[in-house]
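Next come two complexes built around subunit A: one with subunit B, the other with subunit C.
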Partner chain A sequence: MTIPAATRSVSRAGRAAFAPWLEPGRQPLIRLDGVTRDFGQVRAVDGVTLDIHAGEIFCLLGPSGCGKTTLMRMLAGFDDPDRGRILLDGADLVGQPPHLRPVNMMFQSYALFPHLSVADNVAFGLRQQRLGRGDIADRVARLLALVELTGLERRKPDALSGGQKQRVALARALARQPKVLLLDEPLGALDRRTRERTQFELMAIQRELGTTFLVVTHDQDEAMVLADRIAVMEAGKVIQVGPPRSVYEEPQSRAVASFLGDINLIEARVTQVAPGSVVLACPGFGAVEVAAPNEPVEPGRAVALAIRPEKLRLTPGEGLQGPNRALCRVTDIGYRGDGTLYSVAMEEGPVLRVSQINADREMSQAIGLDDVVTIAFSPTAALVLTR
Partner chain B sequence: MSRRRFGAWDATVLSLVFAFLYIPILIVVLFSFNASRLVTVWAGFSTRWYAALPGNGPLMEAAFITLRIGLASALAATLLGTLAAISLTRLGPFRFKGLLAGMVYAPLVMPEIITGLSLLLLFVAIGLDRGFWTIVLAHATFSTCFVAVVVQARLVTLDRSLEEAARDLGCTAPMAFIKVTLPLISTSVLAGFLLALTLSLDDLVIASFVSGPGATTLPMRIYGQARLGVTPEINAICSVLIGLVTVGVIAASLLVKRDLGRQLRS
Partner chain C sequence: MTRRGSWKRALVPALPMLWLGALFLAPFAIIVRMSLSTAATAQPPYRPVFDLAAGWDRLRGDLGALDLANFATLFGDSLYVASLWSSLKLAGLATVILLLIGYPLALALSRLPPRWKPLGLALVILPFWTSFLIRVYAWIGILRPEGYLNTALLWLSVVDEPVAFLNTDFAIVLGLVYAYLPFMALPLFAAVDRLDPSLMEAAQDLGAPRWKAFWLVMLPLSLPGAVAGALLVFIPAVGEVVVPDLLGGSDTLMIGRTLWSEFFSNRDWPLASALAIMLLAALLPPILIYRAVEARRWETAR
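Our next item is the complex of A and B:
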C-alpha cells in the first residue's frame, strides 16, 4: 500500500475541507426516506431519514438492539423496509435482491468461505461477474496488495490470524468495486492493539479508493476515530447526526450526551437569560453561568447542566469562591495510569465524576480519599440540555 | 477438575459390557475360519468357506440384489433427508414446521415391524407389485430420517452469514447454496449416505414384509438358511457383512468428527 506519508496518521477530524453534507443542493449517494421496519410487535427501525454522501465514512452508532444492524441489512438487501424508500443514486433499491445491488458488505463474523483459499475468497464476487481469468487474477493480486496479504493467496481461512481474516474479508467485499461498502462491527473481533492499527488502515484504504463506507458499531471510540459523520441511534430512531466533534461536544439531548462518553448531568433551572449566556440555579453550585443553548430558553425552565469529567478542573483544598465553583469531598479514586477518575460529593447536590490527566508523576498523590477539593469549570465547558 | 484414575473396577465393568456386546459376533467371525464343516467343533484355521462363497449362486445373487437396493435407497434417502434438513434449518418458520420436524424423526423410534407392516399394507392397497423397488422405497423411507439428523446437525452450526456473503457477492439464493453451503455440508451428506447404505444392507424385518418373488436380500437368504442349520458358509458371509457395516459406520462417524473438529478450530 502506498500512502503519502503526510496523510497517513491524520484522523478524519483533521480533514477540514471534506463536508459535502454542508453543500446546499448536493445530491446524496444514499437517501433513506422514512424507513420503517417492524418485527412483530417490535418496531426495529422507526422512520429513519438520512442522507449519506459519496466518499463519506458514515457511522451508525448505538447500543445493541437500536436497529442499526437492521438498517444495514436493508441496504444490503437481506431485509426490506415495511415503509419508506432507500435511494441509491436516485434509484429505489427496495425489493431488489442482494446480488443485484451495487453494495457489498463486510460481515461481523467475516463469513470467509472456509473451503476456499484466500485468493478464491477474494475472487468469488468477480467470478460471478464472469470476468476473464486474467482480469480476475490481476484484480485479486491488486486487492491483496492493498490489504498487504500478498504471499498468502493459497492459505485457507483456518490458517489466518484474526487481523488477516479481517483483511481478506475487506478485500473480498471491495472486489466488485461497490458504490457503498457496508461494514458490520468491522473491528469488533480484533484485540485492542490490532484494532488501533486496523482503524488507521481502514481509513487509509477508504481514502485511496474513495469508496463510501457505512459502518455499524456500538463502540463509540471506533465511531469517533473512523467517521466523517455519526448517526446516533436509539430504539429504532436516529437521535442526532453530525461530525464526531459535534455529537460529542454539542449533544442535543440527554440520551446522546450520556451515550457518547462519560458525562455529569445535573438537573437545574434557568434563572436569568442574557445574550450569549444563561444563568442557572444548580444544586451544589448555586448560580452557574453557561453559554446559551441553541434553542431559546426562558427563566424558570427546567434543564440539565451537562459537563464532561475532563472539563471539570480539580484543585486541592478550598480555593477561591465564585460562580461555577463548588467545594467537594473526594469519595472515590480510580487510578488508570494515564489519568485518574475521581468521584466527588458536594455538600448538597449530586456526586460528580472528574477526570484528570496525570501530566506529572507526582500528581496522582496530591489528592487523597476524603480530601476537600474545589471543582470549577468555564462557561463554555458546560452545556445546557433542554431535552 | 482432575481426571479420575482408571481403576480395576472400571476395567471389569468395561470388559463385561464389551464381552456382552461382542462375544456373539466374535464367535461368528471365529468360526467362519473353522476348517471343519461342523459349526461347533474347532478343527484348525482355514479360509475355505470364504473361497467357497463366490461359487454359491443363490447367496451371491442375494448379495448383489442387496447391494443394488442399498445404493438406490441410500441415494433416495440422502436426497430426501438433505432436503428435509434444509427446510428445517433454512426456510425460517413455516406452517407445519413442528409437525415436519417431529415426523422426520418418528421412524427413528418406530418399531421396524410396524414400519414393515404398514408399508406392506400401503403397497397392497395401491396395487404395487412387491419386489426390488418396494424394498428400495421402504428402505429409503426409514433411512431418510437418519440422513436428516446428520445433515441438520451440520447445518445448524453453519454460520448463516456465509450464505448471505455469497448472495452479497453476486449469487442468487440457489447458487449460493450450491457454491457455498453444499461444499461445506458435503461430508455430512456423505456420512448420511453411508449410514443409509449400512442400514439398508443389514435390514431383515422390513425387507421380509415388502419383498416379493425374485427379490431376496442377503439377510433374508441368511435367515432362511440359518433356520435349516448354521453352516460355516453362513458364518463367512455374515463376517463379510459385519466387516462392511463396521467400515460404513466408522467411515460415517469419522467424517462427522472431522467436520466437527474443523468447525471447532475456526
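Our next item is the complex of A and C:
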C-alpha cells in the first residue's frame, strides 16, 4: 500500500523551515522600538519592541483592551505613539498620514463602501493611484478571481453574504499591493463553518502573494492555525513572542500558559535540582520529577507546576504505577463527543481538569461520576513556571 | 372577527389621510378658489361669495365669475416675479451657506464622546427656547450702525466708520442662516452619526487624503440627510416674512413680505392667494425631485 504525499501543505507548521527571525543580522520588515501610547491615565501600549519579517503571518494575540488594536492602528496611521519608533523597511512611519503609508488594513467590520459595487470597492485604492482605466479593470478582475468572486462585480455589499463581504474586503485591501496587510479580527464576524474554510483560504492567498500579514485577534485558535509567530499581549505589553508551538508548549509565565488553551496550574516548591530535571513538592502528588525550566532554580523556590489537560493520563482504579501520579475522585464529566473533559479532585490538593480522546466507542463509558481514578504524567509533559 | 380586524387596520392609514385632507387639502382648495376671485371692498373682501341658499342659477353665475385675472396680474407686473426670483436666490444662498456650516457642525457633534453628545445636541436646539421674534430683534442690536458689531470693528480699527450691515441682503442671509441652522444640523447629524467611522478610515487607508475621503465616501452616504436638511431650510426660507421684514432693507423684495403686504396692507386677498399658489408651484419641483431620488434609492437598495 502506498500513502499519497500531501499535495499542498495547508497548515503553517507544515511550511519547511520558514524562520527568518532566527537568521542573525536579517533586517526585519517592521521594527517596533519602544512604542508607547497613553490614553489619559491609561497606558494602552507600553514599550512594545518587536521585529516582524517579510513574508510572515504575525499574530498579535490578547484579550480585549490589551493594546493590540491600538498597536495596529498606529501601524495604519490612525494613531501615533507618544514615544518610540515604528520602522518600515528602515523608514520611520510616525507622523505620516494613513493615505501615504504603504500599508493597508482589512477592517473588523469590513468597512465596505455601501454605495459602491464590489468592483468599485476593490478599485477604490487603485483609483487613488491614478492608474489607467484598463489597468484598474485588469487588476480588479485578477483580484476578484483570487478571492473567487468573479461574476459578482456589480453587486452592492448589502447583497453579499458574510463570507463574500470578507473576501471583498480582502481583495480591496490587497489591491494596492501593500508591504504589510493589517487584518483586524479577520474571521471574527463569520460563522464557524465559514471560518474554517476562510482560514485556509487566507493562508493560501498569503502564500501565493507573499505579502506580510499582521493579524490582530483575541481568538487563540485563529492565531494558532494562521500564524508563523504569535505575540501574546497583556496590559499593553508583549509578554511572549514565538511560533504557535513554542507559545503553547513552552509558555514562560502563568499568564501566557493560562491565556492559551486550558492548563492546570499547581503551586509547588522546588526540593531538588539535578542536571536536566528538578523535583518539586507538589500538593496531591507528593514529590514529582519534571524537566528543568529554562531559567535556573534553586531548592526552596516557589514555582507553578503547569500541565495541560490533554497531557494527563487517566486510568480507572489504582492501576497506574510509577512516579508523578495521584489518586483522585471524578467530580464532573463533560462529554464532548470526540473527547471527554473530566474534573478530578485529589485527596489533598487542587481540582484538576483531564481530557481524554474517545478513541474507542466504549471508552467514555469506562469512567463514571465518583469513580476512583489514577492520573499520571511524564516528566516532559509538565512545565515549571517561575513567573 | 377578521372583517372587524381589517376594518381597524384600515383606520391606521386613514387617520393621517384625514389629517392631510382637513389641514392641507381643504385650506388649499379655499386658497385656489380665492385666487380665482376678484377683490372687492366688502366683507369678505372678494367677489363672488358662493351662497348655496340663493339657488342653482345664482351659483352658476358665481362660478362663471371665477377667472385667472389675478395670475395675469402676477405675470404682468414684474414686481411679483422679481420678488419670487430674489427670494429663491437669497434662500438658495442661505441653504448653500447652511450646508457649508452644517457639515462641520454635524461631524463635530457626531465625534463627541457618547456622554457629551446629548449636551451638544441640546445646545443646537437651545435657541428654540427663546422666541424667534426676539432672537431676530437681537440681530438688529448687533447689526445696526451703532450696534455691537460696528462698535467692535471700530474699536479694533478694522473700519473707520460704521458699516451698514442692517437692512441689506447680507443681513437677510445672515438672519436666515442663523434662524435655520438647527433644521440643517439635525438631519445632517442623524445621517452622519449613523455611518460606521471605519468607512472614513478605510478610504484614507486606501490612499485618499481626508478631504477626498469626505468627498467620495462621507458626502454620498450622507446625501439623503443633506437633501432633507436643504429642503427643510430652503422651503420655509423662501417664504420667510420675519427675517426680511426686520433685517432687510425697504427695497428688499422677498415673496413672503410681498404676500404679507398684499394680504394685510392692500387687502387684496385674491391676488395674495394667487401669489401663494405661485410660490407653491415654484417649490414643487425640488420636492418632487427629492421624492424621485428617494424612491430610486429604495429601489436599488433592494
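Just so we're on the same page, the second predicted complex is superposed on the first by the 375 of 387 C-alpha atoms of A that agree within 3 Å, B and C clash if a C-alpha of one lies under 4 Å from a C-alpha of the other, contacts with A are read in each partner's own complex, and residues count from 1 in each chain.
The criterion applied here is as follows: a residue touches a chain if its C-beta (ideal position, glycine included) is under 8 Å from a C-beta of that chain, and two chains touch if they have at least 3 such contacts.
Because the structure is predicted, anything quoted here is derived from the model rather than measured.
Annotation: superposed three-chain arrangement on subunit A; subunit B versus subunit C shows a clash. Using the contact criterion defined above for the overlaid structures, shared-chain residue A:176 touches subunit B and also reaches subunit C. Judged by the touch definition given at the top, the superposed model places A:114 against both subunit B and subunit C. Within the superposed three-chain model, A:338 lies out of touch with both subunit B and subunit C [touch as defined at top].
When the shared chain is aligned, subunit B comes close enough to touch A:157, but subunit C does not. In the superposition on chain A, contact of A:98 is made with both subunit B and subunit C. When the shared chain is aligned, subunit B and subunit C each come close enough to touch A:128.
Under the contact criterion defined above, the residues of subunit A that touch both subunit B in one complex and subunit C in the other are 76-78, 97-99, 103-105, 107-109, 111, 113-115, 124-125, 128-129, 158, 172-173, 175-176. Looking at the complex, you find that subunit A touches subunit C at residues 76-78, 97-99, 103-105, 107-109, 111, 113-115, 124-125, 128-129, 156, 158, 172-173, 175-176. Those residues of subunit A that touch subunit B in the shared complex are 76-78, 97-99, 103-105, 107-109, 111, 113-115, 124-125, 128-129, 157-158, 172-173, 175-176.
On the side of subunit C, the complex with subunit A involves touching residues 196, 198-199, 201-210, 212-213, 216-217, 220-221, 300-301. Across the interface of their complex, subunit A is touched by residues 159, 161-162, 164-173, 179-180, 183-184, 262, 265-266 of subunit B.
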